[in-house]
Structures are given as structure tokens and as C-alpha cells.
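Read through the structures below before going on.
There are two complexes below, and they share chain A, which is joined by chain B in the first and by chain C in the second.
On to the complex of A and B.
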């Protein structure tokens, strides 16, 4: 196995191109190393991008938030901008695995692995995030809602690298939250995760709603039925309760080693309600 | 403990400095020059005939020095003889060992495994013990054992144990209320931090040294001798002083036999380290139980009849004597606490095509305690009684015969449960829950576990500088036995702990011990060391008597000197009992030594007598220790998550040997009880483990168990005359009551009674939803 450690994005793209589509890109490695050690992954080339220059930043301007692809999860934890305006992402970062893993795992890497239960995807989808991908032929922006195809599969083409994650500025009277359920508070994969991102008008009516569900489908999914149900309604406790029930129409979870389909179905409305209630509180903040 | 020099006090655990400094060496750290690495090929089939094994391609790989199959080691387990070390012509569960290889690198060993071709023909498999023992089982895995009256039992029934007292029919006829329930428990793994390790080194004379982290060195020595078909004197088991946990799954031979056979084939040292998946699937697991319990009670709460039928899921084989022992020991969990005049118990251990059930902290008692202590609350509720009051009304006390005919002595149930009730403020309602979707309540349960009283031996050597060496084959899997043995020697000779060294277990040097299981070590090794001290003192005093011009019987020792009782000025330093002889030239001398060139060493063995019931029944010698627990918790009624606000654990240790280490057992036991009570359960799909890793098999972290403010512990001492210095075995009783106390609190909080353990949040949430639906 070849092991390469390029210093710039251009070098990385060249190395990936040279490996001819069989290269595995690694940054934090918290997932890939497990695949290599325990799940039979045998890459012909391992391209470690964690030293690429200029890809580790969190910046905000009028248009919104930009997160460099090599920013690690721990850098999100306690970031005052994220805590104030992108709360769902902060919620997810705080509960992500453990400090040791958070210090290594990158935000973009977590998206790239396209795990159905990955904790970065639902909050970023609820915040309307997109991914900037680079390749030798240029850059493109991909809405995260269109990014995931299935477990371990995304729309990224061979030879493409994620460079940045962008989140549009949420604007006034917006709020977001991520509610996730696991057995342990730390070091435990998500059983059901629901992220909500909402905007309210002066009468507390919902003018925009994005909800995303994790661990209940082969890929992170938007809760289209809940979103449609909420639009234009005053966000009362009763509406939140009903929205929880509507969430059952948005995914059909399966049984696996972490939880039964029955339990996941029962928890979708619960977590939908909890994340919506907290998003509302933040919006009204 | 009255007036001790050092015993009972919180002496520093002698393991602590090395562990804290990160310098403790474990078996997994061992290497030998020229060492090869071993891997084991395991069955991917739950039940299949082996049609052929072709190892030729694996043998042809350069750097692969040994490949073995059952043909190289066809020996079966000694008792009951159902388990080959490597599969003969059949595999009986996913993970069954089929072949093994040793190679210069682990990567080459992996390659060799992949190159072995095995042809299987699937056989029907059965995974549910109640199906397996029925007339309609799809398959017979092994011939059945013998049951009541010595008759061969029904399908797949490996072991039976029964106990009875009084007249059950008469008891139920007298009862005002009959309560029947079916409880279940899940399969769990001990998950010691250090996996199983065996580094075997067989020389050309078949002398075999094995460095390993077993809990039972002498049993391993015997088994390896049988596998290699050599005299046991050629087998030397060496256990490093530090072991990364055991909890039962390192009892009896695990990988040692395979490593030894590979080493003999290659004539090089071979190291076998189990992967975490192998620890899960191919060491031994906690037997899942199905427990049918039927109780008859009077209106005033008096228990008049109890019948228990427990079905133990054995898995595919029997781990030697452990299978029968768990079947037998499970009964202790049903008889140690309450008076039941009319009683019957039948435990059946039943084969299925799953990992093998073996020793697991609690040894069957944790499972029956779960059922009995849940059942007591159910009865109390039906009678409209307080569950504590119902318990107190039926307690066995000193001088009673229990339903198995043991004469009860040093009973600790009353003081422990009273203290637990007091500290949880039993009788006053719990505070309001913190979460708006939660309900909060308290629960209580009594744990009682027997500790088996077994055989151990020890030798104490006094060195020429007056320091002490302890030779014992007791392995310290974290329970602190090395410290306690040193404390006993320090107590007996009235010296500081720094004067005592406990050498590592090495069966060429350290004497017979039956192994660390069943909470047995403190009592048997405590006695053995005490007796060895006595013998060593006798030799010491004989040697000093003439020099002090006193009778040996009038001598005593303290602080490295022997003195005449009552005349401390007539004394001699122990080191002055050793001689030095001039070698010729001044300044050169031999010694120090004893004039007969011997060591000053005294050895002793402790072995128990059987116990007798009132009609002369022969019963294995055991004692009973007690640990009552009470919990104040809240349950999120939407998610089923449990948050423990306070957990009280009150232990009866007899007299603790080392106070701080007894507390350590209570703290660790609570974590273990919560793990198996709430979090841990091995799951399977068609016999294939689906969570044999530490990502999906959730052991609690430090954040998931009560912190120092939430855990309230205490000890109440009882007078256990049979114990060394009054000590009882305590390593397992501390885990027995937790799950039932939690289940009882959940019922009080939510109205939902969960009959299946562990009480995972999924199980609790689904039960609450079902209950709410039934009320709507």
C-alpha cells in the first residue's frame, strides 16, 4: 500500500488522479483505520490530507459560516459563533464520540463517510449547509440535501475533494437544535437523531423549516412531511406535538444491532418534538 | 476486627504504584526471542459437519511454521467430555475453533488462515433453549446428561440440579395468594480490559512453559498436560502479577492449549492474543436464564411455598466443571435470604448453538436473585404491603435451616437491608424528577451470594535479611489478593508491608490453588497463608529457642525479632539466626545461610470439610455474604432512559481484610451491576453475534455509573467464625441486587414491571408504551 502525505490541495488532487480512482483519502482516520483494521478495507493507496494548508478555519461573514474541510469536531465545541447562531451543530459536536475522537475527526470527513447515523449530517442539513468540492476541473457547490446516496456513498466523484462547508446566515428569529438518543452519553453511536432549523415571524408562525433525521434511513434524510406540516403554522406546543407524530411518515427505520425498528419508530416523534421545542426557544431567544 | 496490627486497615494496594506509573507489565506485554504469532481459524457456521480441511496451501507459505487441526490434538475436555480443543468433525457454534497457525508475523498468520480450505455441510441449528429442550427440537447437539433419579434427561439437557423441602402441594393449598411469573436474563460478556493471552514455549524435551493471564493456573497446567499427553510436571504456568481483569471468563483453559500445541509443532515460542471478537464469541459468557417462579403467600405476607424452574442457556458446549457448577450455584440465589417451608427448585442447563456459558461474576446467583428480588416486590404490591416489610417478615436468621438444608450462620441480610433502607430514606417519597418527561421513585433489593470454600496452599519463606516472601498460586485479577496475602503475613509477624513480597505465580515454585472463582480466594488463601505463617513461625521459634534459652512455645515475634513472651529484652534479630562462615582469607565469607543448607520456609494447605444438613445430607462447604442495595432513580417515560440519583450499597464482608479494597469491590460491583443490569446484552442473528465489539456492546463508562456524590456505600460486619480472621468472600455479592433494585424502582415510578434483564432503555420504553396503550 502506498502512503502519501501531500502539502497542498493541488498536490493532493494530483496524487488522487495519479492513483487512478483506487486511492482512499484519509484525514482524521477515526473511521477509515477501523475499516482497515477490522472490516477488511485494503486500499492500494492511502492519501493523508491532514497537512493540507489553509483548510482549517471557522469564519463568519454576512453571508453565513464557512468551515474549512480539515476543521476538527472539537474546534466546533464551545465556538461562540456556533453556539449563538448555529446551535444544532454545536449540540452535535458536543455529543460526538469522545474528546480523543473529536480531536482527530474532521467535519468534512464525517460527511464524506456518509454513515446513516453520522452526527454531523442532520444538523448541517437542518441549517441548509452545502459542500464545496474541488477537482482538477474546478469547484462546485453541492447542497447537503443532495449529497448523500447511501451508506458510504456520496455524489462526490473520484478525484474530488471537499474544501469547505458553507452554512447560510440564519437571520433573525431563527433557531436550531439537534436532539440525539443513545444509550451512553459519550462514546455511543446515535440511535435516532433529529435536527431542526426554523424561522419564525413576529406572530411565531413558521416561515421556514428544515428538519433532518439521522439513523432512521440508509442515509440522513430531510423530514419533508414535517416541514410541510409546519410551514405557516404558529409554533405552539400542540403543533410541536403533532409535528412529532407527522415525523413517522418521513422514514421507515430498520432493526440493527443498536436498536429495533420499533424503538426507533417510537423515538422519532419524541426527538422531533424535543429538537423543535429547543429550536423554537432559540428562535424566540 | 479487634486490635489488629495491620489487618483490616486500608493498606496501599501493592499493585498501585506500578499501575499508576504505567509500568505494570501484563501477559500481553511479554515477548520471547524468536517468538511466533498465532491465529485461530473459527467456524462461520452455527452447526455444521466438517467434510474436509485442506491446510496444504497455508503450510506452503514461507514464514508459516505450524498449522494444526484436531488431528494434532484430538483430546476432549475432561468433564463432561463434550468439547474438543479444536473441532473434530463438527462445529457447534459460530466461533468454534477449527484450526490454528503460527507464523513469523501476525500478517503471515492471517494469510495462512485465509489459505485454509474447510468444506462444511450445514446441520440444523437451535438457538432458543426452551425449543432445544422440547420434543420438537430441530436437532440434538450432544447427548443429554442425567437428571432426577439418575435418569437420562430430555433433549439437549446437559445438567440438572434440584433441591426440595417440605410439601409443595400442601404449601400452595395453604396459600391465600399465588403469584407466578417468567423472568429472563440476557447473555453478557465479562469484557476484561486485557484479552486472553497465552505465550507458550515448548522445548525439544516437551517441557512447556506458558505465560498467560488465567484465573486458574493449576487447572490450565492439568489440561495442557492432557492435550500434549505429557506428565504435568513438564508444564509450567507463569502468570504475571498484573492481569487486566477476569470476572470469570479467564477461568479454565482458553487459548493456552492451542498455543502449546503450536509451540510444540514449531519448537519455538508462540504467542496467541485473542482479538476482542474472540473474547466475545469464544471465551465464555454469562448464561442467559429463563426463570419460572411460582410463590404461595398468606395474606399477612408469610411465604409458604415457592417453586422455581430455571432454564440455563448453555451454549454449544460445557466449560469443564463450570457448567455443572453454574447449574448448581444458581440455586444459592434462590435459598439464601428467605424462609420457605415448602420449596422446590429444578435448574436445567440446555445446549444451543451459541457461545459457551461459563463462569461470570455472580456465577448463576445474579440471575436467580434478579427473579426472586423482583418477585418479592410483585407479591408485596399484590398484598398491599411495603416491599421492605414483606422482606423483613420472611428473612432467614442465624440458626435457621435454609430450603437447601444449610444451617444459616452470620446472616447479613437484616443489617444490610435495614442500613440501605435508612440511607435511601425508605418510606419517604422520592424528590420530584429533574426532567419534565420523567418519573422518579425508589427501589430496594437484597443480594446474597454464597462463596465457595475451596482448597489453596501457600508457603512463607524468611530471607536471611529477615524479609518475607509469599509463594501462592493465587492470581490477582484486580481483587487485591496479593495485598491481602501480604497483609496477613505482616499481621502474623508484626512487620511492615514493605518487608513482605508476594512473588508471581509460577507453578514450578508456587503451590496448588484451585483458582480465582466463586468469591473463594479471600477465605481459602487467607487460611492457607495464615496456616503457612503458623508453620513458618514454628520453624523460626525452634531455631531461636536454644539461642534464647527458652522453650519454643514461649516465643513470639515482632518487628523482625524473636523474643521471649513477657521478657522482650531476651530477643534475637531474625537475620542473626542465619550463619556466616569464613572462607579462608579475611573479608571473604560464605552465607548467610542455615547450617543445614535449607530454606527457612513453612508451607500449609487449607481444605474445607463438607457441610452436613439436619438429616446428614452432604453439602459443599460454602458461606453466604450479603449486599443490599437501594436506588433512587428517574425514568424518562418517553425514551426509557434511566438516571440514577442515588445508589446505596451496603455490604456484609464478615470482617474486611482491607477496608479500602472492600469499598473498591462495592464501587466496582455497582458499575458491574449497572452494566449487566441496564446496558449489556450480546445479540445474535441466526447464531451470528451482531455486537461482538465494544462499539455496539455497550459497557458503561465512568459517566454512566453513579459518581462519588451519588454512590453511598457502607459495611456492616457479621461474625463469620469459619473465615480467616472472620472474613467472607465478597467479590460477587456486590453485583447481585442491582438489577432488581432498579426494576423495582422503575415499577414504582411508572407502573411498568419489566421481567427481562437487562433493563435497556429500549426495553423500558417499549414496555411503558405498551402499558400506556393498554390503559388508554
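On to the complex of A and C.
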């Protein structure tokens, strides 16, 4: 196995192109190392991108938030900009795995993994995030809602690398929250996770709603029925309760070792209500 | 096969190694450097037994690439004391029997040390958060939390 540690994005892209699809790109390593040791991954080369220059940052400007692909999850935790304006992402980051994993795992790595229950996807989707992918032929922006194809499968092409995650500025009277259910608070994948990102007008009517569900489908999905139901309605407790009911139309969860399909189905409305209520509080706060 | 070059400061000492690219930091510490105080538990980053400090921050060394230690500072349980002088956390863990089998203790102590270095006066909740990624299957948690509280009260030396 060859080992390469490129310094720049250009070098990394060249190394990946040269390896011709048989190399594995590694950053934080928290999943890939297990793939190599226990799950039969045998790359011809390991391309370590963990320390590419200039890909670890969290910056905000008028257009929104930009997160460098190699930013680790712990760097999101307690970030004042995220805590204030991108609350759902902060909620998810502080409940992600454990501190020792958060200090290693990268935001882009978590997305690239495309785990149906990954905690980064629902909040970022609810915030309308997109991924900037680079390849030798240029750059493209991919809406996160179109990014995931299934477990460990994304629309990224061989030879493409994630460079940045972008979140549009939420604007006034916006709020977001991520509610997740697991047996333990740490070191446990979620049974159901629901992220809400909403915008209200002066009369508390919903002018924009994005909800995303985790762990209830082969990939993180937007809750299209809930979103359509909420649009234009005044966000009362009763509407939030009803939105929870509608959420059961937005996914057909399966049974696995963590929970039964029936339990997940029962919990989707509960988590939908919790995340919506907190998003409303944030929007009104 | 290519080897990865690792130049790192490990427990205050400059080390130079050549490792297989897929080798983990835990394997490098235990097998190449015979620093066996750091324990192998789940080997999947889910139990915290292998916690070491990488540039002062706790990480699970079983899912850290050894090659990623290059140019960085690593501290393990062996680096925090001498045979004559235990670290205050070790003293207090012993005094309160803050473990039964002891397997989680090195990782637990490294997480605690990282906590106290950036937060010398943690609340009980902050202590519990800081060691949430370290599982103790003997469930000695009450003693562990108390030991960390006692060290915080005395001030880390």
C-alpha cells in the first residue's frame, strides 16, 4: 500500500487522479481505519488529506456560513456563530459520538460517509446547506438534499473532493433545532433524528420550512409533507402537534438492531414536534 | 510497500518511526514503543480505553492513524508521572478506589487531565461530560467523578 500526504488540494486531486480509483482518501480516519482493519477495504494507496492547507475554518459573512471540509466536529461545538444562528448544527455537534471522536472526525467526512443515521446531515439539510466539490475539471455546488444516494453512496464522482460546506444566512425570525433519540446520550447512533429550520413572519406564519429526517430511510431525507403542511400556517402548538402526525407520511423506517420499524414510526411525530417547538422558540427569541 | 514517516514528541521525547500506512496510533504506542499503559478496548472508537492526548486534546488512538502523529505532540498515561511521583489524578483514583478492574483508568485519567487543563474548576456536569466517552464496565463512576472533583479542589499540580 502506498502512502501519500499531499499538502494542497491541487496535489490531492492529482494524487487521486493518478491512483485511478483504487486509492482510499482518509481524513479524520474514525470510520476508514475500521474499514481497512475489519471490513476488507484494501486500497492500493492511502491518500491522507487530513492536513491539506486552508480547509479548517468556520467563517460567516452576509451570504451565510462557510465551513472548511476538514473542520472537525468539536470545532463546531460551542462556536458562538453556530450557537446563535445555526442552532440545529450546534445541537447535532454536541451530541455527536464522543469528545474523543469529535476531536478527530471531520464534518465533510461525516457527510461523505452517507450513514442513514449520521448526525451531521439532517441539521445541515434543514439549514439548506450545500457542498462545494472540487475536481481537476473545476468546482460544483451540490445541494445537500440531492447529495445522498444511500448508505455510503453520494453523488460525488471518483476524483472529486469536498472543499467546503455552505449554509445560506438564515435571516431574521429564523430558527432551527435538531432533536434526536438514542438509548444513551453519547456513543450511540440515533434511533430517529429530526432537524427543523423555519422562518416566521410578524404574525408567526411559516414563510419557509425545511425539515430533515435521519435514521428512518436509506438516506437522510427531507420531510416534504410536513414542509408543505406548515407553509403559510401560524405556528401554534396545535399546528406543531398536527405537523408531527403528518411526518409519518414522510418516511417508512425499517427494523434494525437499534429499534423496530413500529417504534421509529411512533417516534417520528414526537421528535418532529420537539424540533419544531425548539426551532420556533429560536425564531421568536 | 511505502512506510509513513512519523516524527513526534511522545511524552516529552522526540521520536522518529517508520510505520505501515494503516497502522493506528494505539498500535504504534503499544507495539513499537512498548507504551502499554494505553489500553485496547473496542478497537472502534466507542469505549475510550485507548484515550491519549494529541496536541493536548483527547482522542481515541485506536481510530487515529499513526501517520497522523507526525509533527505533533502525544501524551500517554506513562508521560504524566514518574515512578516516585504519581500524578494527583492517579493518587486520588487510588485513594478512592475509583476503578475496580482498572482497564478504563488510563483513558479516564487522560480525559480528566485534558478537562482540568482547560477548566480547572469544573462542575459535576462538566466532569461527567468530559468522561462521557470513557466507558467503565465496572461502573465505578461515582468514585471517578469524586476523584476528579477532589483534584480540582486541590488545584492541579
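Here is the rule we go by: the second predicted complex is superposed on the first by the 285 of 285 C-alpha atoms of A that agree within 3 Å, B and C clash if a C-alpha of one lies under 4 Å from a C-alpha of the other, contacts with A are read in each partner's own complex, and residues count from 1 in each chain.
Just so it is clear, a residue touches a chain if its C-beta (ideal position, glycine included) is under 8 Å from a C-beta of that chain, and two chains touch if they have at least 3 such contacts.
These numbers come from a predicted model, not from an experiment.
In the superposition on chain A, contact is made by A:258 with chain B only, not with chain C.
With both structures placed on the common chain, the touch criterion links A:186 to chain B and to chain C. Using the contact criterion defined above for the overlaid structures, shared-chain residue A:3 touches chain C, although it does not reach chain B.
Once the two structures are overlaid, the count of chain A residues touched is higher for C than for its counterpart among chain B and chain C.
Once the two complexes are laid over each other on the shared chain, residue contacts for A:266 go to chain B alone; chain C is not touched.
With both structures placed on the common chain, the touch criterion links A:49 to neither chain B nor chain C.
In the superposition on chain A, A:223 contacts neither chain B nor chain C. Put simply, chain A uses residues 38, 185-187 to touch chain B in one complex and chain C in the other. Taken together, the chain A residues at the contact with chain B in this complex read 38, 181, 183-189, 256-260, 262-263, 266-267, 270. Every residue of chain C that touches chain A in the complex is listed here, in rising order: 1-4, 20-22, 24, 43-48, 51, 54, 57-60, 62-65, 67-68, 70, 111, 129-130, 132-133, 135.
Here chain B touches chain A in the complex through residues 638-639, 679, 683, 690-691, 693, 695-696, 698, 700-701, 703-704, 760-762, 765-766, 769, going by the rule given at the top.
Put simply, chain A touches chain C in their complex at residues 1-3, 5, 26, 29-31, 33-34, 36-38, 46, 48, 50-51, 74, 97-101, 103-104, 185-187.
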